[in-house]
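Paired with chain B in one complex and with chain C in the other, chain A is shared by the two complexes that follow.
Let's turn to the complex of A and B:
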């Protein structure tokens, strides 16, 4: 990550923000296809995960928000304190935490999708 | 001219300019070798409507306290030496008239985001070193000064692309006002980034790639939050905030 040009990282940052806004908007609009409280009931939520295109969209939202969020956190931490060791720890720590969150979230989406709940 | 004395003060309530034609000048005194913190010393200084803040500091230095450390030179906003915080805002002391401050208490402090050498004098080494790192000169293989080469002509439009950015006098006020510099000591700062833009935007220059590579780092152009304080305090009318955004345009591929 530290070897990547900052402009490439920021292009990804802006891109993931735009993508997340679009997909989260779709996600919210889906709540409006039925009564809002009903859309949040257990069976309704599980049905979303069983619907492959929707589950894939949730996976993409997870990736977009994780990448955007952890890069934002990385930037904040880099501005907070400086130093070679600290900056390396922040870069790799955020990369690791982002990967862990995506893996854990993907596992949840997959398990719900195949009915392991 | 009468001195109130060299007493320190924590609280002084500002009042409107009085008709007595004198002001209270509060100067921040700090010697990092001897003092643990800065303290304000007050002086009563007579002023005229054309008196500048630098005039009052030099009057105090000449008549009341010769130990005050202040950097100055041209007295006409050209050299960029006398940058300091005047009533909390970064400004050039030689370019700020007492009459425009609308207060009979004037507080002068060293600029933020620079190490203090003593009193009002700050260490600008890092700013100049960052400025130098960004190659603030025209880069190209040929030269207009060698024989048999022609002058590098520019149209008025081409000059306009960078002209305002070439007015920078390296006073450091923009860096002092920058909120990112307050927390990120490695941030290149608006001064250096603006000068990078000044040369990138110059069509005679061929060093765009080199410069963009330098500013495209974790403490480079992307750390600007676009607060705009740099542009607000510039005494020469340069707009560093815009220069930084335009530099981003080059890195994002919007500008060539």
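Let's turn to the complex of A and C:
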């Protein structure tokens, strides 16, 4: 991340934002296909994960939001303070946290999707 | 030393009262962004209960499907809508759309980029967030 130009990172930031808005809208609409509390029942949620296109969409949403969210946090932290050591720590810290969140979320999608519950 | 003393750090960043509504929108964009990031992390942790089986999922629902949980969700709806609409304004502004033409700086030195279109967009972002929160409250608490 630290080797990438900031202009390119901002394009990624805006691209992930637009992608996430579209896909999160679909994610919310899925909850509204039935009564809200009924859509949260175990069988209903498991059925969502077993539907491959929806599970793939969840994975894409997870990646888009994690990249956008942790890059946003990186921008806020870099606006606050500057310095070679600090900037490196923020860049790699955000990259690490983003990767950890994607791995943890993907584990849930994969395990629920293949029925390892 | 002089430069050091001018630094306001986090206090300066958290002060939304100076420089008008544009500064308030900048502050709110960052605040809602942080709120949504915390929610994303919490949402991924809460939904991971599904892999522990039905009992764990139902226990998680008992914790989150409460009045407090619904209030947090309503706040998340408002934060999402404001962050999205204001974010689109910022994106368009970075692309040079809606920021006006550069002109000679004359007294009272109002920058062309902070024009009525930008201010209107900020108020529309706030209004849409409020409407979405009311709609969300209607669904979560029953109409």
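Basically, the second predicted complex is superposed on the first by the 117 of 117 C-alpha atoms of A that agree within 3 Å, B and C clash if a C-alpha of one lies under 4 Å from a C-alpha of the other, contacts with A are read in each partner's own complex, and residues count from 1 in each chain.
We adopt the following convention: a contact is a pair of C-beta atoms (placed from the backbone, for glycine too) under 8 Å apart; a residue touches a chain by one contact, two chains touch by 3 or more.
Computed from a prediction, not measured in an experiment: that's the story for all the values here.
Asks: Once the structures are superposed on A, label A:65 by its partner contacts, choosing first (chain B), second (chain C), both or neither.
Replies: second
Asks: Given the touch rule stated above, what does A:79 touch, chain B (first), chain C (second), both, or neither?
Replies: both
Asks: According to the stated criteria, A:108 is in contact with first (chain B), second (chain C), both, or neither; which is it?
Replies: The answer is second: A:108 touches chain C but not chain B.
Asks: Between chain B and chain C, whom does A:116 touch in the aligned arrangement: first, second, both, or neither?
Replies: Second partner only.
Asks: For A:36 in the superposed arrangement: first (chain B), second (chain C), both or neither?
Replies: Second partner only.
Asks: Touch check for A:26: first (chain B), second (chain C), both, or neither?
Replies: In the superposition, A:26 touches no partner, neither chain B nor chain C.
Asks: Is A:7 touching anything from chain B or chain C once the two structures are fitted on A? First, second, both or neither.
Replies: Only chain B; A:7 stays clear of chain C.
Asks: Check the contacts made with chain A and report whether chain B or chain C touches more of its residues.
Replies: Looking at chain B versus chain C, the one contacting more residues of chain A is C.
Asks: From the superposed pair, tell me which chain A residues show up as contacts to chain B and also as contacts to chain C.
Replies: Common to the two interfaces on chain A: residues 10, 79-80.
Asks: Where on chain B is chain A touching in the complex?
Replies: Spelled out, the residues of chain B in touch with chain A are 180, 183-187, 216-223, 251-252.
Asks: Please output the residues of chain A touching chain C within their complex, sorted ascending.
Replies: Per the stated touch rule, the residues are 10, 14, 17, 21, 24, 32, 36-37, 40, 42, 45-46, 49, 62, 65-66, 69-70, 72-73, 76, 79-81, 101, 104-105, 107-108, 111-112, 116-117.
Asks: Which of the residues in chain C end up touching chain A in this complex?
Replies: The touching residues are 9-10, 13, 30, 33-34, 36-37, 40-41, 44-45, 47-48, 50-54, 57-58, 61, 65, 80, 84, 87, 91, 94, 139-140.
Asks: So in the complex, the part of chain A that touches chain B is made up of which residues?
Replies: It comes out as residues 2, 5-7, 10-11, 75, 78-80, 82, 87.
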